[in-house]
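Quick one: this structure, given as structure tokens, is what I'll be asking you about.
Note that the chains are named A, B, C and D in the order they appear, and that numbering of residues resets to 1 at the start of each chain.
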Amino acid sequence: MNFLSLFVLVPLLMMLGLWVARNVNQVRGVMVAGASALLVLAVTLAVLYLRERAGGATAEMLFTASHVWYAPLNIHYAVGVDGISVVMLLLSAIIVFTGVFASWKMQMLTKEFFMWFCLLSVGVFGFFISVDLFTMFMFYEVALIPMYLLIGVWGSGRKEYSAMKLTLMLMGGSAFILMGILGIYYGAGATTMSLTELARIHIPVEWQRIFFPLTFIGFGVLGALFPFHTWSPDGHASAPTAVSMLHAGVLMKLGGYGCFRIAIYLMPEAAKEQAWIFLILTGIGVVYGAFSACVQKDLKYINAYSSVSHCSLVLFAILMMTQTSSTGAVLQMLSHGLMTALFFAIIGMIYGRTHTRDIREMSGLMQVMPFLSVCYVIAGLANLGLPGFSGFIAEMTIFVGSFEVNDVFHRTLTIIATTSIVITAVYILRLVGKVLYGTVGNPAHLQLTDATWDERLPLIVLIVAIAGLGLMPWGFSHIISDSVLPVISQLAR
Amino acid sequence: MVQMELYLIVSTIMMFVGIYGFFTRRNLLAILISVELILNSVDINFAVFNRFLFPGQLEGFFFSLFAIGISAAETAVAIAIIINIYRNIRNIQVKNMNELKG
Amino acid sequence: MDYSQVLLMRSELSLLAVIIILFVYDLVAGERGRRYMHPLACVLMLAHVLVNIVPQADTLELFGGMYRSVPMISLVKTILSVGTLVAVMQSGEWLRREDTRYKQGEFYTLTLFTLLGMFFMVSAGHFLMFVIGLELASIPMACLVAFDKYKHHSAEAGAKYILSAMFSSGLMMYGLSFVYGTTGTLYFDDVAAQLTGTPLQIMALVFFFAGLGFKISLVPFHLWTADVYEGAPTNVTAYLSVISKAAAAFTLLVVLVKVFGPMMAAWDTMLFWVIIASITVANLFAIRQTNIKRFFAFSSISQAGYLMLGAMGGTPGGMTSMVFYALVYMIANLAVFGVISAIEQRTDGKVSISDYDGLYRTNPRLTLVMTLALFSLGGIPPFAGFFSKFFIFMAAFGAGFKVLVFVALVNTIISLYYYLLIVKAMYINPNEHPVEAFKSDGWTRVSLLACTLGIVAVGIISGIYDGINAFAF
Amino acid sequence: MEHTIFLLALPFLSFLLVGLLGTCLKPKVAGLVGTLSIAAVAVLAYVTAFLYFTAGRGADGAFATLMPYNFTWLPLTETLKIEMGILLDPISVMMLVVISTVSLMVHIYSFGYMDGERGFQRYYAFLSLFTMSMLGLVVATNIFQMYVFWELVGVSSYLLIGFYYKKPEAIAASKKAFIVTRFADLGFLIGILIYGYYAGTFTFTPQAQVLAAAGTMMPLALGLMFVGGAGKSAMFPLHIWLPDAMEGPTPVSALIHAATMVVAGVYLVARMFPLFIGYGPEVLHLTAYVGAFTALFAAVVACVQTDIKRVLAFSTISQIGFMIVALGVCTSADPHAGGLGYMASMFHLFTHAMFKALLFLCAGAIIHAVHSNEMAAMGGLRKYMPVTHATFLIACLAIAGIPPFSGFFSKDEILAACFQFAPWMGVLMTFIAGLTAFYMFRLYYNIFWAKPYDAAQAGGHTPHEAPKSMTIPLVFLAAVTCVAGFIPFGHFVSSDGQAYDIHLSLPVALTSVVVALVAIGLATWMYKGAAQPVADRLATTFKGLHHAAYRRFYIDEVYQFITHKIIFRCISTPIAWFDRHVVDGFMNSLAWVTNAASVRIRGLQSGNIQTYTMVFLGGALLLVVILLLF
């Protein structure tokens, strides 16, 4: 048993632990223990990975293990990680860890909430450790379905509608993905489901032309590809805090990861042919999401549209297909994951106090909850790409990488995409100005209290992570760009 | 010697008379009778094919025999159920048999 | 011809033994003895399953080819027996009721006779055998559907079932008469050698297909399904929706491949349209249902459409996937109907979807079973349904039916939608008076536990699929 | 020079310490931590300057360019990488001195000015952050590092302008400042992207042949970079944020919006000067025109403003215009032949930083005393605030260009450079210099002379001299202003690195002094008395012009229109609507269609067994037809 499987086993054990837990404290105990274990595991993995690489390991995937699962169908339970998965696992572990604390005060059906939460984690971790198409797809879907109940039962607002919409749209996406996976499998001669092996097989270009768009759109739905992003605002707005965090923070990254790892890696010829279509869509998405965010009135909607913009940037960068832009895409996934989780955590905490997310009904929160407000400002600044935070390095890597493509079309799109950093500033500052600054508009808000320790902890962890990535990006950039290389060289074949 | 086609015409007519009856009768028993017509046309078909086309064997005849038996069994069960319906609602009109729908 | 050959029909014989024992026990046992009828039936069925748990490894051909058995067929019989065992286990509570207690013996014998009919049907090597098996499976089924004889719905459903069944078998036999007329034989192997695809044979194929399509309830031969499922006693519905369907589907596959193999292009086209129609129409109907049994009727029609994907192209992989799909579907659907039946018995016949509102608050475990079963039906990993759906899509895709797979996949979204409606009802919808907390009897609980284990494990443990695959032909 | 790392590390640590501990620290302690760290930085900066300039010139006659630190911060492509490091050359060392000096003065001054304010700790944390960023900006080893710190100074400016976060004006001003400069930075960023691609490096010294191959892209890149510089340095039409930025605490205005951050654009152009001269002289001249127009525009507006900080703000804009013009009129890298402007610009930057900081700090002291920014609330303050009065006057004389104060020397060099470039430019700039003298003395008289102070109007409050912590910086800066002009600046900084002797060009100097004196005289005549009949009459005669100038020529309204009407109403709102109703509506309509279809077809399941069998047979026959036909 490869130790990567622990990433899946730990959440499963957590579910078991929850099953036998008798009261809220035991539930919390299980969750904290498990989430910490995952965090430690992820850090250990990162360290081991770096050591292996430093020791000269050149294989594309490290720590690989493969067990035959469905022999007649060439399905294996195959795991392995490269730099991209390592950072994604790290991200997921951080978000799961912070998510646990963000839902510390969960009142209703605590145990069940965390059980579904753990199932979600199983899917997320499983997806990132898998290198077999089937296993990946399975974990992908495992990650999607708990969302329905998590939003539907524990959400707020139009939760049933949002939950259903989110689930169905994402499942629609996964139907496309399944189509794409089958296309890849049969197009490559129906001999293997392993990513690395498939990459060595040339899938006929006519097949690619059909199945590349299917796969890309399929993953794109989760990656907030315009115009398939509309689940995101409603879904995120209705979801409970920890779920928004995990969903926007990690799950949306599954989309970008899949686009990169499956769609482009395995079908490079079609990717090159059709990239322009999706580049236009993502280019629109980047600006469109940002503009939409400018006039939203609900804190979560603002962040959701902001996520649309940022996640579109991920796909945009992937489609630019240079090593630098792809590195930037992964950095952006990492960075957006952390930032948006931070945002959702804070919004959840504010909402828990004010019971409203309408920015017109709040003002001057800086006075009553300085800690949360300062965190919000930090998150906002990180979001608008301030140097010193992760957003900056990700965006800059993307822009520089995108600018490497020397033709008018790509250049124009790149410049259009860069404008998003200004629009981002507009909506972030508008929000900060309206909600946090000024005098307290609602007298009832004067009675509110600032964050408690269980709320401070996740925020601090996330901010440290964001700042750490933003201040010391070179290590991450190296890990990622080395791992991006196989895909890029695939494109050159 | 009567031509095989004539038998087939008869059986086909029986078949479609049965179908027509099934579609138009209002009474469950009448419908049952129509089904019997359908089944009997099948029997004729088998017998005729056997007799005219494959005179050396008995497969068709046997099939007819079994089919007759089966249709008898079916009719018996059907009548039992119809009687049950009659006991429940004192009526065996098809129009009263549409409580389950949608 | 040697009568010792009869002894080789292991599963049929053991089933017959069970039937006879139960029949005799029913005759001799008095009022008090009937109390042990249900345990006895369960134990005997279990014994039957255990006897047949290892599929017969050799190929049999008895009675001059009328009856034949290959390991796959033996395996299918075992699967059907297991399903029947579960269905029987779940029906204990219902049968102990005042109005059914005195005739529970009939239930067992009738049920098991239909099973026997299905055994003959799947083992048939000759159309006569096939027809007899089919009718043996249908006629007692009508009695079962009309089992609640003081309920008009039950009787109405029974009448609809038997009349539809007669019509469809009439049409089917009419088709078979053309097969006979054009080929001069009814032996599967000989027919296959003679088929040339003349218009008459195409008509025969369609009529034959319609007859089995009726049993599988494929659109447009499905209209009886919802009414009968709604009207029949829940346990019978469970049995009807899984065992009868699985047996018919498997038989259809075998006959299409073995007998109508030369006309593959024709039946692929036919299946193509029928599958699309089944999945789509059933999904559309299911969305608006308010009665949970009716709802699952449409769900089962849609599932039947997916099931038939495995027949596309008639590949061995397709057969494996189909059997696997049937197995998984059977487990999930039995779990669903187990829950429905348990609730119906405890609440005096609540079968409306809105009765399930807020069920989670009072009966979390039952809800969990239902949820897992629904997820499995909807094809959500890590539950078995995901695997079976994936494999069946894979098989159909591999056979070259990409568009069909795509349509089916798009439809999975709709099906997920209505499955989630039930989940939503149970978890989210508020309810002033939810079903009160209760504990079902041991047999039901064991059966539900078994189903849950099956839902969780059948996909993850690849051995089951591999085992089926080893026998595919 | 390894110690230079502390120039950045100390303020950063102080920021972290004060920022993280926040209110756990006593206000005084927080202030002390910040001030001491900046004092250390200042000492370090002087030591650095001393060591650097005494180390002697290299073989080529220029001071060596040192890079004590430079490491790869973020590798991008094979050739491009963002490095972080410290670059020491004459202008960066000069900037170190300027920034650390002004910053230290502001830190000290703020002890008095911000005394008792809520958020004292936050204030010092932000000041430290700003100082760190600004120092990082000037020592940047490559354009991208510059951009990084460029953004950081932007954000510290944002935070400090919005320091009084309960004041709606402050919030709006901070937002405006950030967004406008951010918009400009977009140009900067795109410029960097183009530069990076075509120069193959982000450093300031790309290979000449690579650049030559870039063709027209290099002027484009430089022009876009200037857009960024123009935003930061408040060049027309991106100047609108700076007057509003005065909502921040006055010491902040002195530090950020007068002395240091706003000259970052000038510094950027100076830093890229060799490239401008080499590959885009026409872009450089374009900057000169922009600078000249801005200088004129701002000077005119400054003449009619009544808020003293606004006057100073427009004065700052105007003076930065001077610096930009000085750079822009350069035609070669040789100070003796058309390259004088470079040195002049840097010199003016240096002197302006000192006297403008002084002006702002004085204004702070005044505001501290009268609790108002409006000239109307002042007048006759010279009796109450002698130190402030004296220092303010020195600064006014300096900015007006009266010898021997520092402004005279630097402005004179600029004018000389302008005359070298084109006579009309020289005339124009001389005229603006006169305007400067005029509005500065208008300000001076209105504050310290004019009507006697009316204590009753201010609620019985008598103004008094500021505390020591505030006056000491004033005196120090005034002293610097008095002597800075005699620094042989050309020996340290010049366009080709060679030592350059500043020699006054007599006609130019004379003209400018005369013009300044006339302007001062005019101002004295108009504004010295309690009643100002001339000024009032002028205001009524040229009502339209006066009003337009007072409203800053409606540029803000144009921006309002663009942001609110166009961006929010015409772009964002329709997009949001489109998203909800068209894109999302499409997805919802899919669901709606499915549902509607479901409702429609329900009737097919009629419950009638005969219908069922009809469908059954019909379906079968249809299949037969399909199979037979296809």
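In this text, a contact is a pair of C-beta atoms (placed from the backbone, for glycine too) under 8 Å apart; a residue touches a chain by one contact, two chains touch by 3 or more.
Note that the structure is predicted; figures quoted are calculated from it, not measured.
Asker: Please state whether B-D or B-C has more C-beta contact pairs across its interface.
Answerer: More C-beta contacts join the chains of B-C.
Asker: Determine the centre-to-centre distance between chain B and chain D, using the mean Cα coordinates as centres, and give it in whole Å.
Answerer: 97
Asker: Based only on mean CA positions, could you tell me how far chain B sits from chain C in angstrom?
Answerer: A distance of 26 Å separates the two centres.
Asker: For chain A and chain B, let me know how many angstrom lie between their CA-based centres, rounded off.
Answerer: Centre-to-centre distance between chain A and chain B: 65 Å.
Asker: Just give me the whole-number Å value for how far the CA centre of chain A lies from that of chain D.
Answerer: Centre-to-centre distance between chain A and chain D: 37 Å.
Asker: By the touch rule stated above, which residues of chain B touch at least two different other chains?
Answerer: Correct list: 22, 31, 97, 99-102.
Asker: Please list all residues of chain D that touch 2 or more other chains.
Answerer: 591, 602, 605, 607, 609, 613, 617
Asker: Listing for chain A: what residues touch at least two other chains?
Answerer: 168
Asker: Touching pairs of chains, which are they?
Answerer: Touching chain pairs, listed by label, come out as A-C, A-D, B-C, B-D, C-D.
Asker: For the complex, which residues does chain D have touching chain B?
Answerer: The contact residues of chain D facing chain B are 602, 605-610, 613-614, 617.
Asker: Can you list the chain B residues touching chain D in their complex?
Answerer: 19, 22-24, 31, 94-95, 97-102
Asker: Okay, in this complex, where on chain A does chain D touch?
Answerer: Residues in contact with chain D: 165, 168-169, 226-227, 229-231, 233-234, 288, 291-292, 294-296, 305, 322-324, 364, 366-367, 381, 384-388, 392-393, 396-397, 399-401, 403-404, 406, 414-415, 418-419, 421-422, 425-426, 429-430, 433, 436-439, 473-474, 477-478, 481.
Asker: Tell me, which parts of chain D touch chain C in their complex?
Answerer: By the definition above, chain D touches chain C via 591, 594-595, 597-599, 601-602, 605, 607, 609, 611-613, 615-620, 622-624, 626-628, 630.
Asker: Going by the contact rule set out above, which residues of chain C touch chain A in the complex?
Answerer: Residues 317, 320, 375, 380-382, 386, 390-391, 393-394, 397-398, 402, 405-406, 409-410, 412-413, 416-417, 420, 423-424, 427-428, 462, 465-466, 469 of chain C touch chain A in their complex.
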